[in-house]
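One chain, subunit A, links the two complexes that follow: it is found with subunit B in the first and with subunit C in the second.
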Partner chain A sequence: MKLIAVRRRVPIAIAIAVAVTIIALVAASTTREGIALSIAFDLAVACGIAMSVPGFKADHPVVSRAALTLLALDVAIFLTFFFSSSTNFNLATGAAMSIVLLGLSFLTGASGQISLGNGAFMGVGAFAMAIWANHHATTPIVLTLLIAVACGALVGLLLGLPATRLRGPYLAGMTLAFAVAFTFILSSFSSWTGGDSGLQLPTAATAPRWLDGFFHAGTPPLTTTTLYITDVAIIVAGVAFFFMANLFASRTGRSMRLIRDNDVAAELVGVSLPRTRVVAFIVSSAYAALGGALLTLIDNSVSPPTYSFALSVTILSLIVIGGIGTISGALIGGVIYAFSTNVISWITTQTGLNPQGNLASQLNGIIFGGLLILTMLFAPFGITGAARQLWHRLRARFPR
Partner chain B sequence: MITIEDLTVSFGAVQALRNVSFVAETGKITAVLGANGAGKTTLLRTISGLKEPKTGTIRLDDQSLVHKRTEDIARLGIGHVPEGRGVIGEFTVEENLRLGAMMARVNLLQGLQEQYELFPVLGERRKQHAAKLSGGERQMLAMARALIAKPSVLLLDEPSLGLAPLVTAQLMHTIQSLCESSDLTVILVEQNATSALRIAHHAVVLHVGKVVANDTAANVSANDNLRQYYLGLVE
Partner chain C sequence: MDPFLTSRIVTDVLSGLTNGVTYGLVALSLVLIWRSTGVLNFAQGAMPMFATYLGFAFLSYHFGYWACVVACVIAGLLLGGLTERFLVRGLYGKPEINPIVVMVGFLIVLEAVAAAIWSSTPRSLPSPFSAIHWQLAGKPFALSPFTVYEIATALVVMALVAALFRFTKLGLQLRASALAPEVSRLLGVRVGRLLTLGWMLSTAVGVITAILVSANFFSGLTPTVMDGIFAYGFIAAAIGGLESPVGAIVAGVLLGVVNQFVTDFVNQNAVIIIALGILVVSLMVRPSGVFTKSSQRRV
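Coming up: the complex of A and B.
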């Protein structure tokens, strides 16, 4: 019965979605918000119907994850049309950082390896993006992002190979060395990287011509570029989260968790420890590079000090605060990072601190450090873990 | 068939196994007995490739296992259930079983069905997290995870450790049934000599890394000296 229900409802949901999209595009509205509303509504309906079918998640996990991703993207993109430019900028930054956190969450949470060098991996992607864009300005964004990902994966492979022989503090030490050396490496290749001042992108990323009308600025203070880049960042993050959710549930993901919990048992069932550990490093650094490349796209520039060792520590703090080894933890960490600047400016305003002063410039570290201590004391599994505990307690107190 | 000849394994200056030789026949249970520190676990770990031997040979039929990687030995059909079981508590019973099947190219659904028939309690708890299983159920899960890959040789390290006598008896009966219904070769490392000798065809007694007896289980069981001095079985 359940299977019949799934088979019947999914095509119906897709048919409804397609029909409403066509109607929306052709007749419903020619304004940007109208079209956005129509598309958002019908996608939500389609995903909602598909996911409401009992047993759908268990029977079709990949399709279910795709529907959930589509629904989340749908809501997020729809909201960007109504947010201010600064909020959209924060959202885009949060999306980029959550990709980085997701990569580290996979490395640390799933495979049990530690990295203090993900800030540097981010830098690899950020500079790969900027260097490529400066030499090949006409390359489409997606291709440039993929080039940055490939560069990050390559560096991950190079560091991952020796990492297979290292554990715990020794592995942390190796990645720490890379993080510390990275800014010096950038300075050594100043003809490529622009030295201490970094690089500017030759042009701000704009929507392709066929999407131009859709992103046309009509609602001040929203700018076309910010809106477009925000939506690109959100879509890229959505795709990255979708892939990672599937990777977590895949054979590779299960092998990694087995290695993390019991590497002897993993070997005994035929899992190759070195290969799996290297794969984890490659995935983590590729995700970090993707996040870094997106940040370059958002900021329209890149400079070496951004990718110092302090960023790696911030990334590690954020993943602990959000919840290691969880997808939602990475999302929470990304949001905290994105809106931390707002909190800092609020604090400086309220306390009358000089925004250019020494204390104000260190507030970022103080806030993340404080949050990290609080998390370790009161929610060792991060905000995600605390939320799960609360949910279980509520379910125990109020059974259905 | 597993053939071990002149196997010596060292941990630095300490020799854990000294010139160990014996044959584990196809379709038979070979019990490896001895006190703590006799080298039983080291023997199994060396067969699985988790420990490199200093000298000697280990062969699965005609194939040498020495210097092979653990994952390659596992893929050759040697299943090892380690001491402490090694099940993943945060995974469900079924997910743990999937782990066992994932590297061996076997039909997953059929494999799951077979294991649930062999260990019905696992079928009843297939959606339950392994952390919530009892000690006996965890041992069953560890064995099922090894068996789902359809090994030709099963290495069991102290399966009765920490289990109630009734559960141990049930587990030993299952191991015996497995051997009788298939050509599975079992090397059973046990401190519980009575239980092991009851189901084993052959027995090897280790003492401080050396073989002190290598005979049929019936003969070892009947030897009062072995029982008294090496197996701690006093009448």
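Coming up: the complex of A and C.
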């Protein structure tokens, strides 16, 4: 049955791919743009067909997740070509933030505990990135990102080791103390961190020469750079999501969910509680550091006030509103973060508030804090949870 | 010993005590709520801050300091009670992150609303006692009338809380409903009311801390005035053990003294870093706190 399905689909796929390539090459203004367009479309078609094969998802879960990631990346990157440069900048920060959210979502989904210090872990990654880039300007970006991730994981290990042995709110309180302490830590090491003014990256990230040809003819360099950075951020986020989806589904992920649901049962079947909790915390800190490092790359600089306690709270609000403990919740939270500033300034202008006034400057806190409370009280699993509930209700009412 | 060093140490200990009692009070108010309802109240700094703003709003109607203090405490009692009734009541028995998240949300909302109404510029509060340090042999001494007032107030509050729990019927009921809510309910204790009362009490203790802190520190009253104090209060409560009121107070006072020594002999930035280090080490050595008997969780 499955084989027949595949056999019938392959020629269709090839035919669509060839047709798309020809149309793209004819329609596009330059050859390179045409090639880029056709690659994008063909990839989408191939991934879509691979995923729609019945039974494929169950038999090859990893390949299927890879195909889904590729498809999402493909569509996202294709769309960035049509957005304005400011929208792309917002998308890039949203992508970086969604990685941080994913880490926190994993921690809660895996251990039932919560961190209030992920903003500070972001800061660890952001400053590690900037410091390394300032001392070793020739290191490739990917390597610098990995170094930042390693720094985040190391700090996570140091803090997680004592707190994860405990039940109750100790991890939350301790990470809160870390988040409050972080700005002081930064100013204690001001010769490294640049004190109050922070650090600049030595060389602004620019698109490699071979990529320039793919952009529209006559694109201004600023747009080119934003577009390039956005695509880099989206790809890194895609890779992070792919790894996390596999981790959620793996044996480790399953034992972590068992700990969350019933730690006594987990211990009885031989899961080591402290070790699993520490691993979950380290993964979450490493993801936060990756997000922070990416944000440094996007902003091309890093400044201490960004990584105050308020950022940790924003992170918590975003993931709770998106859906804590879920993967799609992190994605939703990232999108909300990307456009929250625009929405809030829109609200300010629509309601005729004085933009310099007290209320307008606090609108962010009031809205996010209020949403945080309301979500936790009425829909503990956020937008994702509410959507799932709606879906199940619909399926119960209209069975296939 | 070198007389200069001796006087420096004495000064540090005394000013450390002054800060330490406020940490101890915050830690005590955290422990009160944790023991009775199993919620670590992350808004334990913000709720008193808000009540203090409300109470001192009477200053503009020409009320005196003490009238405003009474108004603050009443506002705190109301805020604590309303919070328990409408925000926390539905969260008992839910996964432990739910109350944490809700209280963090409440913290953000309170700080944002306070800044929206009263702006985030520091507001200086009147003080009933002079904050100018006494002179000893021509040199300023660590204590001032205000710091003595601060320490005395803190001690009185602590003693009152202890007396309430130890010697009154109400205190017995509070302890009973925290320890065994089901049994207490069967024996005719109105557990729901007592939980509300516990939150009111804890917020009132917090309000007294907030009044002292925002007059004592040169920062004045700001929406975020309690953030740092809350962090130290939590560290103290965690070191002392979230189950032990005495441990919380002792740990708070000691933390204050240690912080003062670090400020004096190292620098201001190192204070919270070293406090965090102490927390990490103490949790590694005694996970359930220095002052509590560790209990095995049974299946």
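Keep in mind that, in the parts below, the second predicted complex is superposed on the first by the 347 of 400 C-alpha atoms of A that agree within 3 Å, B and C clash if a C-alpha of one lies under 4 Å from a C-alpha of the other, contacts with A are read in each partner's own complex, and residues count from 1 in each chain.
Here is the rule we use: a contact is a pair of C-beta atoms (placed from the backbone, for glycine too) under 8 Å apart; a residue touches a chain by one contact, two chains touch by 3 or more.
Nothing here was measured: the structure is a model prediction, and the numbers come from that model.
Contact with subunit C, but none with subunit B, is seen for A:A172 once the two complexes are overlaid on the shared chain.
In the superposition on chain A, A:V75 contacts neither subunit B nor subunit C.
In the superposition on chain A, contact of A:V62 is made with neither subunit B nor subunit C.
When the shared chain is aligned, no partner comes close enough to touch A:L394: not subunit B, not subunit C.
In the superposed pair of complexes, A:V264 makes contact with subunit B and with subunit C alike.
Of the two partner chains placed by superposition, only subunit B is touched by A:S272; subunit C is not. Taking subunit B and subunit C in turn and counting the residues of subunit A each one touches, the greater count comes from C.
When the two structures are aligned on the shared chain, A:V343 is found in touch with neither subunit B nor subunit C. Of the two partner chains placed around the shared chain by superposition, subunit B is the only one that A:R254 touches, whereas subunit C remains out of contact. Subunit A residues in contact with subunit B (one complex) as well as with subunit C (other complex) are 264. Of all residues in subunit A, those touching subunit B in their complex are 251, 254-255, 257-258, 261-262, 264-265, 267-273. Residues of subunit B that touch subunit A in their complex: 48-50, 69-71, 74-75, 79-80, 82, 86-91, 95, 98-100, 102-104, 145-146, 149. On the subunit A side of its complex with subunit C, the touching residues are 108, 112-114, 116, 158-159, 161-163, 165-170, 172-174, 176-178, 180-181, 184-185, 187-188, 264, 309, 313, 316-317, 320, 324, 358-359, 361-366, 368-373, 376-377, 380. Subunit C makes touch with subunit A in their complex at residues 40, 42, 87, 90-91, 94-98, 100-102, 104-109, 111-113, 115-117, 119-120, 227-228, 231, 234-235, 238, 242, 267, 269-273, 275-276, 279-281, 283-284, 287-288, 297, 299.
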